[in-house]
Each structure stands twice: as C-alpha cells, then as structure tokens.
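The structure under discussion is supplied below as structure tokens; questions concerning it will follow.
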Amino acid sequence: MALITSILEQLLNGLRIGSVYALIALGYTMVYGIAKMINFAHGDIIMVGAYALYVYVSLLKLPPVLAVILTIITCSVIGITIEKVAYKPLRKAQPLAVLITAIGVSYLLQNLSLLIFKATPIPFGSIIKVPSVKLAGLNISGLTIVTLVVTVAVMVGLTLFINRTRMGHAMLAVSEDKGAAELMGINVNRTISVTFAIGSALAAVAGILYISQYETLLPTLGALPGIKAFVAAVLGGIGSIPGAMFGGIILGIIESMSKAYISTQLSDAIVFSVLVVVLLVKPSGILGKLKAEKV
Amino acid sequence: MKKYGKQILYMVIAVGAYAAVMLLVNMGLLSRQMTSLIIPVCMNIILAVSLCLVVGFLGELSLGHAAFMSIGAYSGALVLKSGLPVVVSLPLAVLVGGCCAAVLGFVVGIPVLRLKGDYLAIVTLAFGEIIKSVFNAATPITGGAGGMKKIPAVTTYKNFTFVYILMLLVILLVSYLVNSRHGRAICAIRDNYIAAETIGIKVSRFKTMAFVISAFMAGMGGVIYAGNIGILKPVNFDYNTSIEILVMVVLGGMGNITGSIIAALLLTVLPEMLRGLSNYRMLVYAVVLIAMMLFNNSPMKRILVEKKNMRQAAKIQ
Amino acid sequence: MKRTAKVISMALAATMVFSTSAMAAETFIIGGIGPTTGAAASYGTSVKQGAEIAIAEINGAGGVTVGDTTYELALEWADDEASEDKAPQAYNTVMDAGANAIMGCVTSGACIAITSQTYQDGILQITPSGSAEGCIENDNAFRICFSDPEQGVAMADYMVETMGISKIAVIYNVADEYSSGIQEAFEAEVAAKGGEIVASEAFQTNDVDFNAQLTSIKNTDAEAIYVPAYYQDATYITKQAGELGMSLPFYGSDGWDGVLGTVTDASTVEGVIFTSPFCASVEDEKVVAFVSAYEEAYGATPDQFAADAYDCVYTFKAAMEQAGSIESEDMIAAMPEISVSGQTGDPITFDAAGAAVKDVKFVTIKDGAYTFVE
Amino acid sequence: MTLLEVKNLGISFGGLRAVDGLNMSIEKGALVGLIGPNGAGKTTVFNLLTGMYLPSGGSIKLEGTELVGKSPARISQEGVARTFQNIRLFSQMTVMDNVKAALHNKIKYNLAASFLHTPEYRRKEREMNERAREILQVFELEQYVDYKASNLPYGKQRKLEIARALATDPKLLLLDEPAAGMNPNETAELMETIELIREKFGVTILLIEHDMKLVGGICEYLYVLNFGTELAHGLPEEVLNDPQVITAYLGE
C-alpha cells in the first residue's frame, strides 16, 4: 500500500514537471512544424518571460493581470524581432546556418540577461496563489492543476486555431510547401511571423508558470527545460500538437520515476537516451508522421 | 610549381612559429601568463581543426565535441597516472585517448547513419549530456563530481615540442585528408548527399569516418588538456565547451582550416588579455555566431563572391 | 639573464633600504584568485571585498612591520570564473604582477588546479574557502574555512548527540565535491554514533525540482533532513517540502548562509540549523566593526566568504610578522606557530596538515534572522 | 544484346500507384527516350532504377544482375549513372573536384594514402586529373576547372552534371530533362553533345525529355508513360503519331 502511494505520488511529481515540459513543447513543435527550424532560443524566451514578469510585478508594481498580459506581449514582440532579424534572412540558407544562428540567439538572450540582471539568482514570489487539493490522501499542488489546465486549454485552442481559422490554414499550407503556399497567395513571411508570435507567447505563459513554481530567476533558467521540452516534442512526434502534450507528460513521468527509483545522477542521461532511442527506432515520434524527402 | 610554393610557405610558418615560441620562452621574455597559454592554444587548434572536419567539410553540426574530448581526457589521464615514464606514458596516453574517443565517435556514428541536420545536432548534444552524466556517476573510475585529480602535469610548456608536433600532425592530416579521394567524398556528401550516393559514395560510411577521425583528434586534444590542467571534472566538458569550439570553427569560416587555426589562436589569447570581461565574452561569441551566419548569406557576400569570380574570369581570358 | 635581473633588483632594494631607512613602505602583494564573473561570481566578489576591508584596516593602522621594513598590503585580483581551465592562467597573471603570496582559489576545483604550480614555485598559498581535502595537500598550502568532512562530522555529532535525532534523511548534490564530501563524512559519523540514515537522496547542480527526492523521504520515518548544499538549493528544497506538506526539521551546512536572501517566504526556513563560522548579526565588537565597515563600503552584509577572506589577510600579516620575512619559505615555516584572532574563529591556529583549527559553530534562523545557537 | 531489362516494376506511395507494371528492355548502345505528361512517374522510374526508392514489386536487371534491393552507391558501381531534373552539383566544390569525386570508385587508393599523400596518392591523383580533364574537354569545361560549381552559368552546370555522371564510367546513363531551361541553340548543341558522348564513351542512354524536337531528333526508341503505366513504346515516328499518346499530352 505504501509502495502504491509512493508510486502515485511520484507519478504526480512527473505530471507536475511534465505539464511544464508539455507547455514548452507546444511552442517548439509549432515553430518547428511550420518554420521547419529548431528554435534553440525557445527555452530562453521562457527565461525572458520570467524576467519580464518580474520587472512588471516587482519593479514596476503593476497589477498581476496586466503584468501577465504585458509579459506575453513582450515575448511575442521579441519572438517576432528575432525571427525578422536573425532567421528571415536565412530562409533559403542551408539548415546548418540556421541552426548555428539559433544557438547564437539563445546565447545572446542568456548573456544579455546576465549583464542586465547579473548572475546572482533573484527570488521572486509566485503571483499565482491557488491552494493545494487533497485527493485520496494525495497532496496535489494548486500550481500543478493550474499548469495542467492551461496546457490542455492551449492544446485545444491551438488545434482549433490551426484547423478552423484562415491563418491556421495558411500555416498548414506553409508547413507543407512554402513555395506552393506563396503561389496560392499566402503571405509566407507574415504567416511565419505569426507563428513565432504565438510560439513566443506560449513560451511566455510557460515562463510565468515556471517561475511561479520555482520562484527563482536565473539567466539560464530556460536552457535545460527548453532542451528537455524539445526532447518531449520529438518523443511525441515533432509537428504534432497532441504529440507535444503527450510527449511532455511522458517525459516528466520518465524523469520523476528514474529520479525516484533508478538514480538521480542518471536521470538526465535516461531522458536523453530516450531521445536517442526514439530517433533511432521511430524518428517521427509516437504521434508524428514522417515525410519522405523529394528527390 | 605554385603548389609547392605554398607548401614551402606553410613549412616556413610552422618552423618559424616553433622557433619564435622556443626563443621567447627560453629567453624568459614571455610573461608567465603568456607562457601558460602556449599549450591551451595548441590544444584549441587541435580541437577546432578536428571539429572543422565535421562541421566544415561534412556539413553536420556536432554539439558534442567536448564529449569526445572528455573521453580522451579521462582515458588518457588513466594512462598518465599509471606511473610509466613520461616518454612512454605521454604518447601512449595520446594514442589511448584518441582511440577511446574514436570508439565513442563510432557509437555516435550509428545514429548518424539515419539522421542528419537538426536531429543529428540534437543527438550529438544528447550524447554529450549522457557522457557527462555517466562520468559524474562513475565515481570509482572518474572521481565523479570531485574530479579526477593528481594527473601528472606532462603537457606544460616544457613539453611544448611534443604538443606542437601533435598539433602540426593534426593540421597536416586533416588538410591532406580533405584534399584526397576520401575528403572529396566527405565534401560531396555535404554539398549534396543524394548526388553523392548516385556517383557511388557510401554516404553512411563516410559520415561515420568523418565522425570517427574528428573524435580521435578531439580525444588527443583531451589528453593534452588533462596533462595541462591536472584535474578533470565532468562539468568542464559541457555544452558550453562544445559551443566555444564551434565558435572557433564558425569564426574561421567553416571549412577553412587556416581560418579555424587563426580563430582558435585569437579566441584563446584575446580573452586572457581582456581578463575580467568574461561576461561580455560570451555575449560577443553569440554576436559572432549570428553575424557570421547572416554575413555568409547576405547580398553583400554574394557581391563580393561575384567580384572575385569576375576577376577569375578576367584572368582566364 | 634572470640572475642579472635578480642581482640588480637586490642592489636596488639594498640602496632603497639604506637611503630611505624608515620611510616609504614597501608593498606586499597578495595575489587573490576567485570568480568575479560567472555563476559563482558572488563568492569571489565576497572574498575580494572581505580582503579589501582587512587590507584597508591594516594599512590604515600603519601596515605590517617586518624587521626594519614596513609593508603596505595590496591586493592583485584575477578572475578565474571558478573554472579549472582558467585558474592556472589567473595564477600566472597575479604572479606576473609580482604576487608575494596567494589568497585562493575561492572554489575547490580551481584551487586544486593550481596547487602543483604553487608548490613548484614554493609560494605561500592560503585558500579562504576551498574546502576540499585536495586544496591543502602540499606543504605550502593552507586553508581558513572548515574542511568538508569536518563540518559533516560536527553536524552528525550535533544532531545525534545534542538533538537526540536517530533517523536522518540526507539530500546532497552528487555533482558537487563540497556537498558530497560533507555527506560522506556525515553519514559515516551518524552511523558511528548509533544513528541511522534512512534515506540518502542525491541531486545535481542546477536541479530545481526536488519533489522526487522529497517524496521518497516523505515515505520513510525520517525525523530530520540534513542538506549539505548551497543556499540556492536549500531555497528550492525547503519550499517544495512545504508544498508537499512536510514538516520535518532541516539541518544544513555553511553553504546555507545567505538563504534568507533567496527565499520568498522566510517562514519556510524558520528554525533551520546550519554550521557556519560566521554570523553577521552577532553583538561582538570585532564582528560589528567588520560588518559596519563592509556595509559602508559595499552596501551589503558580509557573508562567511568575506569573513574567511578577512581572516586570510590577517593570517598573512601574522605569518609575515612571525617569520620576520616576506619570503614564502620563511612564512610557510612560521604558519604552525601563529595564532590569529579573526572573524570566523578566535583563536585560529593551523595544524600540521595546513588546516585552520577553530570551533565549529551552529547558526539558526529565528524570526527571520540569523543567530548563533546558544 | 539487352543491357537493361525491367519487368513488372511498381511502387506506390500511400495507396497511390506511382509506377505500375512497367516493362522496359533497352539494347546496349541504344539512345532511348522516356516521355509522358507531367506527373506520369518518369522521374520515379529513374529513382527506382538508381535505388533511391525500393520498388514494391518487379525486377530490374542490368546485364543480368538484379539491381532491386541494392543501395544507390552499389548500383552506381554496377554501372548506372544519372543526372537530376533540378541540378544537383557539389556546389561548394570546384568543377574539377566535382568530376574527381565521381571517379571515387574508378581510381582508388586507401585512407592511409589520403592521410599521408604517399607516392601512390600522387600517382593516382595525377591519373584522376588527367581523366577528369579528358572528360571536361568533351564538354568544353576545361577552362573552368578551378571555378566553384555554383558559380558556373546554368547551361554549363547541366553539362558538368553529365560530365560527372560519365566519370563513374557507366554502362547506362540516365538523363533527367537535360534540356530543361535551355534555349533552342543550347538544345541543339546539347543534342550534338549527347550523340558525341554515346560514341566516345560507348554508353547506353535513357533520357526523360519534354522537348519533342530533341526526343524526335536523337532518340531511337521511345517509351511513353501515363499515370505510372506504359502507354506505348516503339520507334519515335510511330509513337509520336500514336493518337493515344497525343491525347495523353494534349488532353481530350
């Protein structure tokens, strides 16, 4: 009985961290699905979101709701700017160049925030105050529930947006074939900009929830969750929205379980091994579909 | 004839650099700080040139170069600590370090057979993290997080000659390789792997080959590192280290060996001169990465290339 | 070449001594090495500032008199980014600047990376805060702070014997030498004293989520949790324990010093007890003087790193005076004979291994402030 | 004597039969055209012949050797070379190196020779250079040897691609729309070149082309593909006047 409780509790821990991964992975998968590039800086936009919230709430003393909205706007604007300045000129370049640029952007964001806010961690209390819930002897933190609800809402919203709106259709078209989409009269640049705006807004939301959970600001806070969320997106099938959600949760549970029952030291190694194995066995991920390269 | 002229020039530079360093050190004209940079410069050149093979010539992004380096460093350090006389242990360590790294390179090469581009880059990153975790966990052998200590300081500037020869060897082998049947195959894969296949190049074989050779050399670089610092910690072989090497290759102009060498030299010496500005250093690296990529794909670059072509065309007519 | 230079400088020094006999103090350069950029920048900055306070004090009081000569102290600082790679170059940089003795490195790994060089150069090296065993292996190297095992043993004795706790859970950073060094000694000592380690949970540097470890502990019958780690880790751990509804008392190592600055709710760390050599809020004349000078100069409260550095500078002074010379060889020989009245211990002496001998003290957090355990 | 024997070849992508039940027989030394409207599956046939796609059924025999299941690299060694509809050169490499890369399996030396530039390396490289120059001369590209491939004008890029394919010393050369994007003068010149290489290199050629003048002018035999199946085959004058073929091209 005690073992079952403990396993349930660990599952819950997995869900807690997994829902954050899922939220980040949604942004990753969206940008990758449409712009066809790994936005290495996605994790760092989360960091930007966390710091932005801190600036609005603690330094400018704005009301929380306004601060959250401003944070989301800030991240979207930064996302669009990055895309325009760094990625757009490389749209026809080789993938290697785009990847290196994305790494550069990630480094740039981290080091800018290091210069502005210094390396010393800044404590920042949560603005989301939800009491925890007791369920069958299990203590579920309020934030976990909020994160899960937000993630599911975002997933549903995104799916509807892509399948039901003009912009969503445009995104699908661009993801299939940029050239053809252009010929059909779709403004590819604008579509990709919107994609980045939405992806960055999701990162902002993830940043807000992340900082509410861990309450400490660090310039590198987004790096590791970013990479792990990428693993989650690949695991679920990159480009697939339900896949990202699913992959995030699974990854969180794998991580929690390996920490609890295998080895904390090897938990990261296990997470990354999962990635390698998935890419080897089913590169399209669990819910993704593979496209053959045109010769 | 022209070709030989270039070779002679390179030889003169190689011997000249060696003579200059030896002279400066022996006359005591170099400050201790500069003296202590001699070996790191050689090491970074080895690392940059070896990474250049994968990134510049094979055209795949490896974000795990530090992992190859660490395998070499740890395995080489075990040999160095064995108590054999340095004359035996140092070359042996370099060989063992290189071979162990090459084996890992081969293991990484297996997914390489199936992946390319973004996914391959991520897998190399993942491998880097896995290796780091394993080194952290394998405390009985590696000393875990506390690090492997008391490694004899055999690759200090006093053994400059050995390290320098090793460095020259790496440069020579890589530049010879890219100018050969095998190197052309590797470059062909970079430029168009489908076309490469149809002219009979076994893509997976040459990809693996490039990874293994690059890993072998990075492993040797790792041994130099171990013998220079004397303590090995898994954290020092993280993602950031891989990126620092990548910056050298990118700044050197990807696929340009001379460029990589100069970039490695600059990026090792300059931060020391600008000590205390390390927060800005990483920022500058970030800007370098972005700016180089944007410049390489900018209209300006195209104009420059076209101008060069015009000159070339004029020469022919 | 070198020899000529030496002869000339000796001749110059001799003429200086004769011509200006009692006048114009010579300079004794302390080469300080530690991180002032990067993730560990706060430690290096504290050390640098603590040392500067001590140097200003000593110079203000007329410097250090060795024989007929009076020396002014000066600090030559080099940033090593807490990295093993950068430390050797940082060491060489301060040596190029003419350092007479080395204060550093601040972090253990970097410290170990330069020990073989400092040993070869035969220079006096005192690390204010490098707590790993390897830092003082050589005869020329000494340490001000506690060693890792020392702290672990002291806390184990305190918890088992003084507090009467028998079932203890440990959370430690397996990827950190400091944390795992304390953990090892702690667990061995608890067992030796008849206590029981019911859970030993590891985490890694930069981990922010400790729920898995805490949940495992929750399902044991542990009476207290010992966390030998830095304050940032402690912040996450105490907060997440609270969220899981755990109310076990926490014990910590000296890395907890500073935890009040990083928690968002001080009640999460109320009542914790940790080993620390220094507490800025103590009503002691010497401590008050140091704290107020530090606050005036830097607008911040000194932590134990600053205090260790302060004591380190006074140790150099004592060694110079005891040796009657500024040659490292003489100062090293004098080290076992000196006794320093410092911030982190009074008196501080040095044993044959080169470690500072001083009492371990326990600090608790009461009403949101640090105070020594009575 | 038959060089290539294709029997009942088929492949489908997600239910769509891109090529279905194709039979072909090509005589040694022949110059054969593969024509058909857009989307008829012509390039897919090339991809099947070169091993880039694995067929879902059928067999491909080159001088009696089964090619199905062999890797593209292996098939190249068996003696099949090709060009691409959208040119695929090694764009960052020089014109010379493009051709030398294709000599990969013709003039060989081992890795050690590559690393150390041994006398064997020098000898073989000299041999390669001579051979590459010979081939490039046929295409009047010899003065561009040091050019980066991507800096060549379009027409010359097409030629270089053919030169590269020939360097593998193929028995069968597949040309995918060699005249695409060329003006009538260039096309005429290309026709001469194709005739010339057949004579000079003794190679059998199968080409996909839309330019009927070119097809009618040089091909000795034609296969017509429509919706992945064979519509007709025969001598050019017969096939091009076949009402079925005309309907397929021009619509109802």
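The letters A, B, C and D name the chains in turn, as written, and every chain counts its residues from 1.
Everything below uses one rule, namely that a contact is a pair of C-beta atoms (placed from the backbone, for glycine too) under 8 Å apart; a residue touches a chain by one contact, two chains touch by 3 or more.
Fair warning: this is a prediction, and the values are worked out from it, not measured in the lab.
With centres defined by CA atoms alone, the chain at the far end from chain D is C.
More C-beta pairs touch across one of B-C and B-D than the other; that pair is B-D. Once the centre of each chain is set as its mean CA position, chain B and chain C turn out to be 37 Å apart. Mean C-alpha position of chain C lies 74 Å from that of chain D. If each chain is reduced to the centroid of its CA atoms, chain A and chain D end up 46 Å from each other. Computed centre separation for the pair chain B/chain D is 40 angstrom, with centres defined by C-alpha atoms.
Among the residues of chain B, those in touch with two or more other chains are 136-137, 194, 279.
Annotation for chain D: residues touching 2 or more other chains are 52, 84. Residue positions of chain C touching 2 or more other chains: 37-38, 174-175, 204.
For chain A in complex with chain B, the touching residues are 37-38, 86, 89-90, 92-101, 103-108, 110-112, 114-115, 227, 230-231, 234, 263, 265-266, 268-269, 272-273, 275-276, 279-280, 283, 295.
Against chain C, in their complex, chain A makes its touches with residues 2, 5-6, 9-10, 13, 16-17, 118-121, 123-126, 132, 139, 141, 214-216, 220-221, 224, 255-256, 259-260, 263-265, 268.
Contact residues of chain C toward chain B in the complex are 1-2, 36-38, 78-79, 81, 83-85, 88-90, 92-93, 95-96, 109, 112-113, 116-117, 132, 134, 173-177, 180-181, 204-205.
Chain contact summary for the complex, chain D toward chain B: residues 50, 52, 71-74, 76-77, 81-82, 84, 88-93, 97, 100-102, 104-105, 107-109, 111, 113-117, 121, 124-125, 128, 143-144, 146-147, 151, 164-165, 167-168.
Against chain A, the residues of chain C that register as touching in their complex are 37-39, 41-42, 174-175, 201-204, 206-209, 211-213, 215-216, 218-219, 232, 235-236, 239, 243-245, 261-265.
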